[in-house]
Amino acid sequence: MDEPAVAHAPEHRLERLVFFSDAVIAIAITLLVIEIHVPHLPHGASTGDFANALLELLPNFIGFLISFFVIGAFWGAHHRAFAVAARWSERLVLANLTFLCAIAAMPFFTAFLSANGASRFPVVVYCGWLLLTALLNIRLQRIVTSAPVVDPDASPVQTATIRRRGYTVALGAATAILVAAISPFPALGQMALLSIPAWRLLLERRARQRGH
Amino acid sequence: MDEPAVAHAPEHRLERLVFFSDAVIAIAITLLVIEIHVPHLPHGASTGDFANALLELLPNFIGFLISFFVIGAFWGAHHRAFAVAARWSERLVLANLTFLCAIAAMPFFTAFLSANGASRFPVVVYCGWLLLTALLNIRLQRIVTSAPVVDPDASPVQTATIRRRGYTVALGAATAILVAAISPFPALGQMALLSIPAWRLLLERRARQRGH
Amino acid sequence: MDEPAVAHAPEHRLERLVFFSDAVIAIAITLLVIEIHVPHLPHGASTGDFANALLELLPNFIGFLISFFVIGAFWGAHHRAFAVAARWSERLVLANLTFLCAIAAMPFFTAFLSANGASRFPVVVYCGWLLLTALLNIRLQRIVTSAPVVDPDASPVQTATIRRRGYTVALGAATAILVAAISPFPALGQMALLSIPAWRLLLERRARQRGH
Amino acid sequence: MDEPAVAHAPEHRLERLVFFSDAVIAIAITLLVIEIHVPHLPHGASTGDFANALLELLPNFIGFLISFFVIGAFWGAHHRAFAVAARWSERLVLANLTFLCAIAAMPFFTAFLSANGASRFPVVVYCGWLLLTALLNIRLQRIVTSAPVVDPDASPVQTATIRRRGYTVALGAATAILVAAISPFPALGQMALLSIPAWRLLLERRARQRGH
């Protein structure tokens, strides 16, 4: 029954952790769409009726798009960080799992926001969850870019870039919470997530100035 | 606590991007089925009742099948393109994520079409989304088949084939939109997606003629 | 922006097809459970009430278990077949996709069966779908175990075992259809799937006799 | 049509089994969240209304968190065990599939618990299912850490640690069942899962004492 021939040692514990993370992130990002409920119109509905039905879903589509690219950005960060990882540490398991837990809950907070988006509370809660996820990401990236996990050959510039990018998402989320909490139009909070690239440029300029 | 022994460097950034894409596409393709709602018949229902209940779901099954093979074709295109990729570029991340976002939304547009398929609007919207996905695919494939990503050893014939195949899906989707918009039976639009292989033969013949 | 350093060529087209298949099968097998709807009992419900609520779900649990191990068996077959694959062929894409399509639809037919399991029709439809999946599996395995895909070093015994195992599932499904169609208790059809191991022993004995 | 060039032999049967397991576990862990139903509040709802709506979901969030980390712990155990696996055995397929089946059903039992958590029955059933999963995990780990699967170079300390960790989850689940069954507050049963780290320390101390 047993095939003694094909020997193989899956020594790549790091690879498997990365793989598992990819699967969880991929599922969370794809589940976002099933929270958008399909409109069923009566037979003979006009083009205008259909267009209206889709227009009513506009907040859901915007929510889907924002969360898709936010989760995508976290995947990019994870991907960038683990590209400099070279050694296994048991500490990775819990830090990674906690980060994935925050990602896995994103479809819930996205749907909560889309369903009640005109109000202040869901926007603050959504951006707050994003901030929490960003902080867990920072903690994970700190482990990955430190000994014993980090590849000793990784350049300090590379690890500094990884960490800086982690901060920009947290800064963007904090900005969004602030805007959502004090602006007369809470939905602007979500838009304030677009400040993430601005924070990135700012931190990059500062890093270059320090480098000189 | 830390196990310093098992060293391992996941340098394969390209591989991880491909892997993540596969996971997202696999989830989107498998989620299609959960939009087909299972009929519950009363105890003692006859064979005719059951057959009728399944027959009523026929548009849903057809929608499932078409979307399954359309997403499958996009996976094939992604697979074919990345087989000639050899180097990492940061530009891949956003182009790939945007393409995946369009794929991840397919279950929604499939369900929207199945629920309201007799009308013109949902068919046009479905085929329009397909066209958008095809254009994002073309953009991604252009990055993959150009420097610095493409393998310098990849043959020009191979990269030309990849790009040509990308155009055929876009041409098929455009044909389908046209048919859906002007024909007296909008559902024919979906059928017009079957023009994709015809476009492929046409473009291949043209390429061969140019080759001579 | 582009990092020219990390060169990498994902030449493993076969590996990616296998990977994509694993993801689709894993999702289909795990989605089975979300068709079992969780009972919500009023506050103060007795242990008996809870036990009854779970007992009413018994057909759903049995359906979940059977489909889980049936899909698991197809995964095992896919796994066994591709272990002897060594070369890429474009023909694999469509044959594999068609097989995956049948697998992806399994959660629907499982739920259809669980919801209406006492009647003859759903049992026949379920077993019929299984037979279709088994035939698509046989077609795929034939491609994988033939030139140009098969590893030239694979032993004839190994490829013969792979093909034989493929037939046993088809024979078991055909037996189940027959039992479901003619027996006074259609639910016995599902039980007749347990004939799969019997068919396997039978075919193995026949193969050994021929070997002598 | 066929590309004879790219030869490749996927001899890594063990790797593929690990991969498939990762995908199933990742899906089960991410599906947990879709059982938390998003509250839709009327336009103009106050912050207090929203806070109340989220507070009512507290048992669901706690259930999500506990199950997320329980499944995460099983993933960690699977990961740790297969890190010492070196050879393929057909016996792995069924033992692994049975374990995955128990994992795949976790979203159901989590939702059953969250929906009816104040009562004794669902807590006992949840912890009972956990105990079953832990026992299936122990059986799988025994196969992985024995000949012919285990890497001959794996240290006895390493395999002993893997097995011991497997026991701690089972002991924690058994403790939780006991607490749920006899305590006046059944919900304490879930909290008793937190005894898992305590069991681990206890078994580790015992192992160290024996080592001297």
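Letters A, B, C and D name the chains as they come in the text, with residue numbers starting at 1 for each one.
The rule we apply is simple: a residue touches a chain if its C-beta (ideal position, glycine included) is under 8 Å from a C-beta of that chain, and two chains touch if they have at least 3 such contacts.
Here the structure is a predicted model, which is why all the values come from computation and not from measurement.
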Numbering shared by both copies at the chain C-chain B contact, with half separating same from different: different
Chain C on chain D, rotation in degrees - Cα superposition, rounded to nearest 5: 90
Averaged-CA centre spacing for the pair chain D and chain A, given as whole angstrom: 24
Distance from the mean Cα position of chain C to that of chain A, given in whole angstrom: 34
Chain A, residues touching no fewer than two other chains: 6, 11, 13, 19, 23, 27, 31, 34, 83
Residues on chain C engaged by chain D in the complex (per definition of touch): 11-15, 18-19, 22-23, 25-27, 29-34, 36, 38-41, 43-45, 47, 50-51, 54, 64-65, 68-69, 72, 75-76, 79, 82-83, 85-91, 148, 151
Contact set on chain B toward chain A in their complex: 1-4, 6-11, 13, 16-17, 19-20, 23-24, 27-28, 31, 34-35, 93, 97, 100-101, 104-105, 107-108, 111-112, 115-116, 118-122, 125
